[in-house]
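What follows is subunit A paired twice: with subunit B in the first complex and subunit C in the second.
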Partner chain A sequence: MSHASSDMHAAVDAAEAHRPKRRLHPATELIILACSLLLVFGIPSPIVPVIILTGTVVTVTVSPAVRLREWAMTVGLLCLPTLVVLIVVQGLFYPGTDVYVLWQVGPARLSVEGLSIAVQIWLRVSALIGLCAMFGLGADSARLFDGLRRLRLPSAVAYMCASAIGLIPMIGARTRHIIEARQARGWATDSWRVRIRLLPGIVTGLVTAILLTVDQRHDVLESSGLNSNATATALQDHTDGTGQSLLRILTPLVSIGLIVASVTGSLPLPGAAQLIGGA
Partner chain B sequence: MTVSITDAWFTYRGEDTAALSGITFDVVSGTMTAVLGPLGSGTSTLCRLFAGQLVSRGALTGTIDRNGTVALLGDDPEAQLSGMTSHVGDESQLACRLYGHDPADAHRRARNLLELLGIGDLWNRRLDTLSGGQRQLVAVARILAPGPDLLVLDQPAQSLDPQMRVRLVTVLQEFCDRGGAVLITGHQTDELTRICEEVRFLDAGRLQTATPTVRSVGIWDSRPNDDATLSTMLRSQADPLLTVRDLTVDRGSSRILDGLDLDLRPGELTSVTGANGAGKSTLLRALLGLLDRSASVTGTITVSRLGEMIRLDTLPAHARSAHLGWVGQDAGLQLSAATVARELLHAAPLPPHRRRDRKRVRDHRLAAADSVLAEADLTEVADDHPFDLDVARRKDIVIASALMTETTVLLLDEPTIGRDLAAMTRLNAIIESFLNSGGAVLATTHDQRWANEFAHRRLRLIDGRARS
Partner chain C sequence: MTAHSRQSGQGPTTTVGPGQNRNRTLPLILTLLGTLIVIGTYVAVLLTQPANLGVDLGYTTLWVMLGYLGGGVLLAAGTLPLIPRSVLALIPVAIALNVVIGQIIGNYTPVPLYLDSIGTVLIGVLAGPAAGAFTGIISNLIWGVTLSPSVIAFSSGAAFIGAAAGWAARLGVFRTPWTAIIVGAVAGVPAGAIGAPVAAYVFGGGLGAGTGGVVAILQATGLEMFNATFAQSMVSDIVDKALIFALAYVVIQSLPKRIVGRYEFAAHSRPRAKKSDGPDLTKQAESAQPAE
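And now, the complex of A and B:
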């Protein structure tokens, strides 16, 4: 091997060393994702989504697989409008009659009951979005495919789910390209008014592009052995072991146990109304 | 023998005429064969026939014997990656792993192939940061890594620089020496078709029995013609339309363009050549202001219009587009309308006007679109969906949409990709008409022959700098 070649190998190996080696197996991540969502929606206390959201923020901050800015932008874009809608609909116009009113002006009244429902729903939705964004932004289709197959899903189902998640970045990139193309012809796409005006054309182009891409990608995968009779190995290298296998079994058990304890009253966590303090 | 086809006929569903007629063809182990034909002759359909991808698309008759595995690389540069992975290393191992190879073996094969193709240093790169040629090589590595018996490549050299083509030739020859067979199809002759043991011609879905000349069957010969020199071209002495000084583009710690100077004069076609990933597309995007925030751009870009000098580097992209008409490498990414005519009609915003003048302005736009459709030879396909047309036609539509803006400088990124002789003639006619009207064209290309024969000035990008 030449010096140049060995130097290049060394550079590549050094770069490879920066890729996260200690990351969980995608199957374990999927189990944790599912169990976290189960806890968020199964235990009627805002403390659970707050804990899950805090854990998600810490994970995104320390994880090299997800960029904090990208995650925060995604979550903010989806959660902030939800918060506004919930505060207006539930917080200011809660339909119940037996309520503790904190503030009132005209027909709008801010009640503890309405506010607690808004907070509870928003925290749950935010935890859902935060978790899914963390997993979605940190995984490509191949990673999801490997995770689902490790969980013994049929290859066809795993492929469909993996292809679907692969469409998300594709839609983002395609939208950017279409907007860029319009910019290059004189449309001031920085203005939201112009973007809204161009929306029908953008959506039409996007739908066509998605249909074509799905078809083309399937052809590419077919000619790369997707439907071959061979038993495919994992598409990427992942770390796995007895510890993670145990984690995949114990996490659902613990989650179900916590939900049962909460339902039976053995786990007395405060509700949103109690935390707000009016009820 | 790897694949043997006897008297195969194929008609696409919903079509009346056969795309392939009476094809009898054997591809033998250890050989490289090329099938060339003009656009629409059926070369891509022939590739799918060999790969077994036609059964669900129409009526197929005849006998096809496949002894072994067949791997296909399609012709559409925008659709050669799987979409399953994000990094080069994962993508190049994908086929091996789907075929059940041991991970260590898949890793070794993919690594080895990337090295042979000269892109081993891209192993950890994200796929969305690659140039068109690099993407094509990664796709070649993916399908070649499992060691198929027959490799079917539809226009494999179209996005590659000459050096990369030579590397690919070496890799394919080694593949044949180990007993593999290669079938190459396309609309151009190049370094790859030159080394094929047999070159056959396809015309209107039929393989030709006689041996015609390349030009007589409508093939573009892209092999360099050193006889053509710039001295035969008439150089313009007029003041430049576009002046670029000290253009520098940095992305992270790497410098893509390094103090580049450029003058584009009216009536001149300037070609930009350079290795894959040298920064050719980046140059065009930097001129238009389309680079993302991760790139830092410095330098001055000035256009001359009616004697007035206008600084473009301080303007946003949409304002620059009044002077620069950009046509990107992947034409499909710039198309979004349901018909060719609508694409042109809605390409650019209407000029500011009063409500009562709207009809007159729209009529004017309609007339302009008709005129540009005729100029780009697109009138016949005006009501077709852009994605129903071939890659060359799609590029023509994007060029036509740039002409709708009445720009004075055209920036063309790889306009020669996927063109046969007729499509090249069409491209040259569009460019000539634009130059004759006083415009200037800057075009990146890997087609040395086209650059030699038609460019008035030639630039080569090396280490971020332009060399004449």
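And now, the complex of A and C:
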């Protein structure tokens, strides 16, 4: 009996050791995410996305929940094509008239103004992708559910969001298996034309299979008390306290204050024109 | 949302969840307010903004994001109480379908299409316009915070497509493929118009390889940025929504009757019952479903 008890204690200790110690409450993470989104689009200075991106890199580096390599791969995969598209659309084909042209061939002209806009939009999008990737890679259904419930969202909404987070990788894997199966039968699935042609079959099979899986799930949810508004116990243990509660209140207030200051012109952050002029 | 017992004093005796809300005034006010904010933002942006972005991006992105997101949140809050409970378990599946099909097929192809609203349209057809609109908003928010933050700003357009699918289904559009395709194309016009200011002023013309390529070509022919983005959005959305509505028709007609039968609103999209087969399913659905 005592041997079993000591084993159990050892297992609990091991689990404690592996649990991320210094991680914010998911509700705090969601608030920071929303405020960063507001700041990136609310203050038209390239400094803001650079600060957010730098902060994200530092956080990912020290975070026990997200691996730097995985995060960097995800962000790179999403951001690099975006940069190429923006440089083509704005950098090479900026339609403004009063521009400083660096290079021109045919209708394409590389302008300082176009490049500046492309880089600014890319920085904004990259900052958000970086932040969201950090959140997405470190979150699971239970964390998101707890975070949303802590923010007092209805349990039905929290369930839908959390369940979707769990279903995305599952349906993604199932879709890839279907595409691979078609490929094994001789379809050139690398071609987008073939993918478009296969779309009805893929979607119909997927929807039917998943609907059969979730059939009558709402009955189970109802009997589990999903519609009850009673305070629910968190699914996981999260570190929370007065400091984080204050952070959840102060972060939106500071963000709104910064944006108001920027709109009224009392925030001394340089815009892109000043940065280009200074360079 | 909770009914309290006046006699026992032991707290709630019954619970009221989404789709059970009998008081529709507040949800309808919120929905109307959300719609007005989105439309107001759209008109204000069109009337006040230059056709090209300046080097200093300015505050247009802030107003577009605030207006569209604020409107979207109000729409979600207004439509949630109108959603039938039986659909709650289906909405996460629809969201995941939107993300996966949009990400795997829409994003990684050079075609200027999105293909990211099949789940939203399916929910609209199975459960009505309120559920469709709600799914569109939540889908873009979830997709945004996990993989692709750029789609968050397009939440209002996604809500419109979900609601449009529900309205179309109520008219029996999904009973034949051609009506589904035509109405999908028609729904693509306002969807493209709603999305154009976001694509132009927030993302400089679009971030996808296919859509961005079209905008670049149109700008090269002399169109200003907003006009190029508007033209691209129109063409892409019309084709995209026609394709998605056609796809939804195929899926709905292929689903087992046992599954479709669980969703009363889906009776609008089933083939008309012959008189000898018993009572008209559509009439049953109309009498049973909550008004939306």
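Criterion: the second predicted complex is superposed on the first by the 202 of 279 C-alpha atoms of A that agree within 3 Å, B and C clash if a C-alpha of one lies under 4 Å from a C-alpha of the other, contacts with A are read in each partner's own complex, and residues count from 1 in each chain.
What we mean here is this: a contact is a pair of C-beta atoms (placed from the backbone, for glycine too) under 8 Å apart; a residue touches a chain by one contact, two chains touch by 3 or more.
Fair warning: this is a prediction, and the values are worked out from it, not measured in the lab.
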Determine, for the superposed model, which of the two partners subunit B and subunit C contacts more residues of subunit A.
C
Determine, under the contact definition given at the top, whether A:M170 touches first (subunit B), second (subunit C), both, or neither.
both
Considering only the touch criterion stated at the top, classify A:R185 as touching first (subunit B), second (subunit C), both, or neither.
first
Between subunit B and subunit C, whom does A:L235 touch in the aligned arrangement: first, second, both, or neither?
first
Where does A:I210 make contact in the superposed view: on subunit B (first), on subunit C (second), on both, or on neither?
second
Classify the contacts of A:L123 with the two partner chains as first (subunit B alone), second (subunit C alone), both, or neither.
neither
First (subunit B), second (subunit C), both or neither: which does A:G96 touch?
second
Let me test your reading of the model: by the given contact rule, A:D140 touches which partner, first (subunit B), second (subunit C), both or neither?
first
Please write out, lowest number first, the residues of subunit A touched by both subunit B and subunit C across the two complexes.
163, 166, 170, 204, 206, 208, 212, 217, 221-222, 226, 228, 230
Of all residues in subunit A, which touch subunit B in the complex?
5, 8-9, 11-12, 15-16, 18-19, 140-142, 145, 162-163, 166, 170, 173-174, 177-178, 180-181, 183-190, 201-202, 204-206, 208-209, 212-213, 216-217, 219-226, 228, 230-237
The subunit C residues in contact with subunit A across the complex are 1-2, 12, 15-18, 20, 51-59, 61-62, 65, 80, 85-93, 95-97, 99-101, 103-105, 109-111, 115, 118, 122, 138-139, 141-142, 144-150, 152, 202-209, 212-213, 215-216, 219-225, 228, 247, 250-251, 254-256, 259, 262
Touching residues on subunit A, where the partner in the complex is subunit C
30, 33, 37-38, 41-42, 44, 78, 81-82, 85-86, 88-90, 92-96, 107-108, 113, 116-118, 120-121, 125, 128-129, 131-133, 135-136, 139, 154, 156-157, 159-161, 163-168, 170-172, 175-176, 179, 192, 195-196, 199-200, 203-204, 206-208, 210-212, 214-215, 217-218, 221-222, 226-230, 259, 263, 271-273, 276
Residue set of subunit B touching subunit A in the complex reads 51, 53, 70-74, 76, 78-86, 89-90, 93-95, 97-103, 106-107, 115, 120-121, 123-124, 128, 139, 142-143, 146, 288, 290, 316-318, 321-322, 325-326, 328, 332-338, 346-349, 385, 387, 401-402, 404-405
